[in-house]
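The two complexes that follow have chain A in common; it is paired with chain B in the first and with chain C in the second.
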Partner chain A sequence: MTDKSMTTIDQQQQYEQEKRKQEMKQQVITFALMIIFTIVAFGMVMAELPKLFVIPIMLILAAVQVGFQLYYFMHMSHKGHEMPSMMFYGGVFAAFLTILALVVLVWW
Partner chain B sequence: MSEQDVLNPKHMPSNPEQATLEGKNKFLGFWFFLGGETVLFASLFGTYLALRDSTNGGASSQDLFGLELVFIMTMLLLTSSLTSVYAMYHMKNNDFKRMMIWLGITVALGLGFLGFEIYEFVHYIHDYEFTMRSSAFGSAFYTLVGFHGGHVVFGLSWIIALMFRNAKRGLNLYNAPKFYIASLYWHFIDVVWVFIFTVVYLMGVL
Partner chain C sequence: MSTLVANEKKGFGSTIWDYLTTVDHKKIAILYLIAGGFFFLLGGLEALAIRVQLIKPMNDFVSAGFYNELITMHGTTMIFLAAMPLIFAFMNAVVPLQIGARDVAFPFLNSLGFWLFLFGGILLNVGWFTGGAADAGWTAYTPLSTTSPGHGVDYYVLGLQISGAGTLMGGINFLVTIINMRAPGMTYMRMPLFTWTAFVASALILFAFPALTVGLFLMMFDRMFDSVFFDAAMGGNSVIWQHLFWIFGHPEVYILILPAFGIFSEIIATFSKKRLFGYTAMVFATVLIGFLGFMVWAHHMFTVGMGPAANSIFAVATMAIAVPTGIKIFNWLFTLWGGNIQINTAMLWALGFIPSFTIGGMTGVMLAAASADYQYHDTYFVIAHFHYVIVGGVVFGLLAGTHYFWPKMFGTILDETLGKITFWLFFIGFHMTFFIQHFLGLMGMPRRYWVFLEGQGLDLGNLISSIGAFLMGIATIILLINVVKTSVKNEKVGADPWDARTLEWAIPSPPPFYNFKQLPLVRGLDPLWIEKTEGRKGMTPAEPLGDIHMPNNSFLPFIMSVGFFIAGLGFIYQKDNLAWLSAVFIGMGIALGCMLVRSLKDDLGYHIHKEDLQKEAKE
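Then we have the complex of A and B:
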């Protein structure tokens, strides 16, 4: 009986190990994409493209890169991250208001 | 079963960082803290955006920033983020030795980043006489980037302390949450840096 339950645990562990291995591969791909985004951002600035074109694209690249970091590297895409997401996005919302307020105060 | 047996199970669960109530609480509390950190950095970013053109006749961002150095720093920090993912991968596979090796690489890359940042600040201060007191731009720049650098110092000390303290203990349910939380902090430092290199350096030389 105990032997049988042990093999189930082993199988379960093997399955989870395999799953993690797949996930690790995805994370390396994510990393490669992040490197590419960074190079594109630096490249656009060095190529001296028009400011109004570069700045929005750069900010979008940064936002996507941060999304990769949060969802893949920090595992926010995994189950059980509902409360953490809520708390973190609460912070992001307050951060947005802070930046908006400071920038509007100066530029108005 | 004694406490030691509970914390050192025969079969490590697949998520050792959240197998105990303490681990779950730390995980939740830490994400809450990261939300607060986001607001903190937002206020520094907002201040920087507001003051970055107030150079008081001194050095401006175009005079100061060199993209080569920033690019190297970005690559170092980004790679250190991946190496700490590897460390957590091995933690979940209950492979303590490999986890320690990858954490060691993470620390080495972080120290490299820190070295370049110190070099950068020394270069600005000596060659451009650009200090915290030069202008509003100087104050905002050193506060924002310096605060991030301070986070790097703290993160490195944290990881090094964990590595030394647990070197002989091996991985168990007591220290797994500690390692996991420290790696989350390290990723967050990289998240902030992505915005710093975009908003401060790249937008600064445009």
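Then we have the complex of A and C:
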């Protein structure tokens, strides 16, 4: 192996290390955020705020947490995950239609 | 296990053992073909019994209760145990070859999917022998199904749950296979249309079957553990079942028809000696049909009372599907146009399909007009409509596929003369049976009725319909004779008997168990055709000859499925006697034990060595 290719390998390694560090940082931040969200959710319920306010907020927090989970912990944004995310959104779509229909047509 | 043992001649016992434990997609395809074919015959016998009962007014060939069992089991068997597995037979036989793969992504799961389907199907039919099969229609609407006495509907619930799990596995397996295992150069837009349709159908399975699973679980709890999900008197809601069932049920019909479309696309292109016209539009239409397929389910429920707004939305969405379907029809016609057309049995089925399916599509648009559907709903008009699409589309496709892919699966060509006789008898019988039913329905004959009265103008139509059914029965018998005759004669054909276009025809018929000695390099759509037009005999390899990694056979899927079968029986009978709970524990124990073994024991497969491959090539 020549020196030149050694350096490119080194560079590659360095780059990857850098990236991993970055990711680690993001993971810690999202982890902290998720804990805060959970505390907020519990707090709202314990503070006995009006239901109409608490339920939508909690649903939003939950949705954001799912996003964090998928993108920061399960690496859905990484290359090579296009198909899984397409399938995932397909599933979300099918589930959404189901829930929408049951809510609108049956329970309303 | 490193030599080519699988190629040696074997005794009967070891052949059976081989099939019980196989994880080879080509053998699993044959298993699906045999099992699906068996259930097709069973469902056909049930259909004939229905038609004998309806051959004349006030007939008493079968009792009213038994008639309900017949229609229910006919519909359930045909959809879940005949059409689905036969589709899977061809997907297994062809898709890995078409994309240039050595196997599916999860061979073990593939085998598990088959055995779960088979034991689920057997469980469904056990009811016949133990006091009555399911009798609430294949749609099992509540509260009819939740209050149906006896165990018939319990068999339906557990049987479908088990076989449905198998189907779901199969679908996931094909998704992963097609995404991950395409040969070098096989981009998405170079995949043959059968692979594309198998891909979209698998995605539909993934998204649609969970709704059925949930619905069946709720029904199981209502019937066996006194819950009241569907009991309006206790605050439940009966319509929820209908929604869950059709959220699954409508995509299900596309799961069946899309691969049939794929088969036709292959056949029409091959025997017109032309590239499929509008390939991109065909792919687009396939995906669009799959997508729209999820937004139309409530067209089965126009008369439930969802209100005019919901009815209009679903009516328009349904009619929209006619557009991509029309795109397909026209593309097939344009493929034929100016082609160098060769008409053989497979092609006959394809040509018969186009007008038959179009009629079904037209009545479909009629049914989609919500206000008019109040008149059509639950009459023989609906029966006529869905048999035009399901028989004229799916069954024709399966029969066409049988003729077209038979050489690849078994190395022989089905007899053409007998094949053509089968086609004409079946085609004429089919239109006799179902065309007249449109008018019977418009005259007010309801579906699922045991008898009809004299003097209402229904006699002649029903008689014609029943005679047509017998013609189809005879045609099916001739097909069986054809299979036997061809197998006995056993005249082997070469790799590419149809002068075809896609990758599966580049390797021997039947293919060696490792499929491709060297993975092929794909240089465009219709890869084999490209090589042939450039004067080469076969594909250019994309890799040097090397060791091939193969999975080991396994008996676990079979045992696991037996376990679920036993547990299913336990669930059904614990209603009468809690001692049956022991069967639940034993069955689940067996199944979970198998999973444990599978998880803990490393099974790394084996390698076929390069030297053996070279030696084989010289022989």
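The working rule: the second predicted complex is superposed on the first by the 100 of 108 C-alpha atoms of A that agree within 3 Å, B and C clash if a C-alpha of one lies under 4 Å from a C-alpha of the other, contacts with A are read in each partner's own complex, and residues count from 1 in each chain.
The working rule: contacts are C-beta pairs under 8 Å (C-beta built on N, C-alpha and C of every residue); 3 or more make two chains touch, one makes a residue touch a chain.
Note that the coordinates shown come from a computational prediction; the quantities given were computed from them, not determined experimentally.
When the shared chain is aligned, chain B comes close enough to touch A:Arg20, but chain C does not. In the superposition on chain A, contact of A:Ile55 is made with chain B only, not with chain C. By the touch criterion defined above, A:Leu105 reaches both chain B and chain C. Ranking chain B and chain C by residues of chain A touched puts B first.
By the document's definition of touching, of the two partners only chain B reaches A:Phe42; chain C does not. By the touch criterion defined above, A:Met83 lies against chain B and chain C together after alignment on the C-alpha atoms of chain A. Residues 83, 87, 90-91, 94, 98, 101-102, 105-107 of chain A are contacted both by chain B in one complex and by chain C in the other. Within the complex formed with chain B, the chain A residues making contact are 9, 13, 16-17, 20, 23-24, 27-28, 31, 34-35, 38, 41-42, 45-46, 51, 54-55, 58-59, 61-62, 65-66, 69-70, 73-74, 80, 83-85, 87-92, 94-96, 98-99, 101-103, 105-107. Against chain C, the residues of chain A that register as touching in their complex are 83, 87, 90-91, 93-94, 97-98, 101-102, 104-107. Residues 11, 14, 18, 27-28, 31-32, 34-39, 41-43, 45-47, 49-51, 67, 71, 74-75, 78, 81-82, 85-86, 89, 92-93, 184, 187-188, 190-191, 194-195, 197-199, 202-203, 205-206 of chain B are the ones touching chain A in the complex. In the complex of the two chains, the chain C residues touching chain A come out as 175, 179, 203, 206-208, 211, 237, 239-240, 243-244, 247, 294-295, 298, 306, 310.
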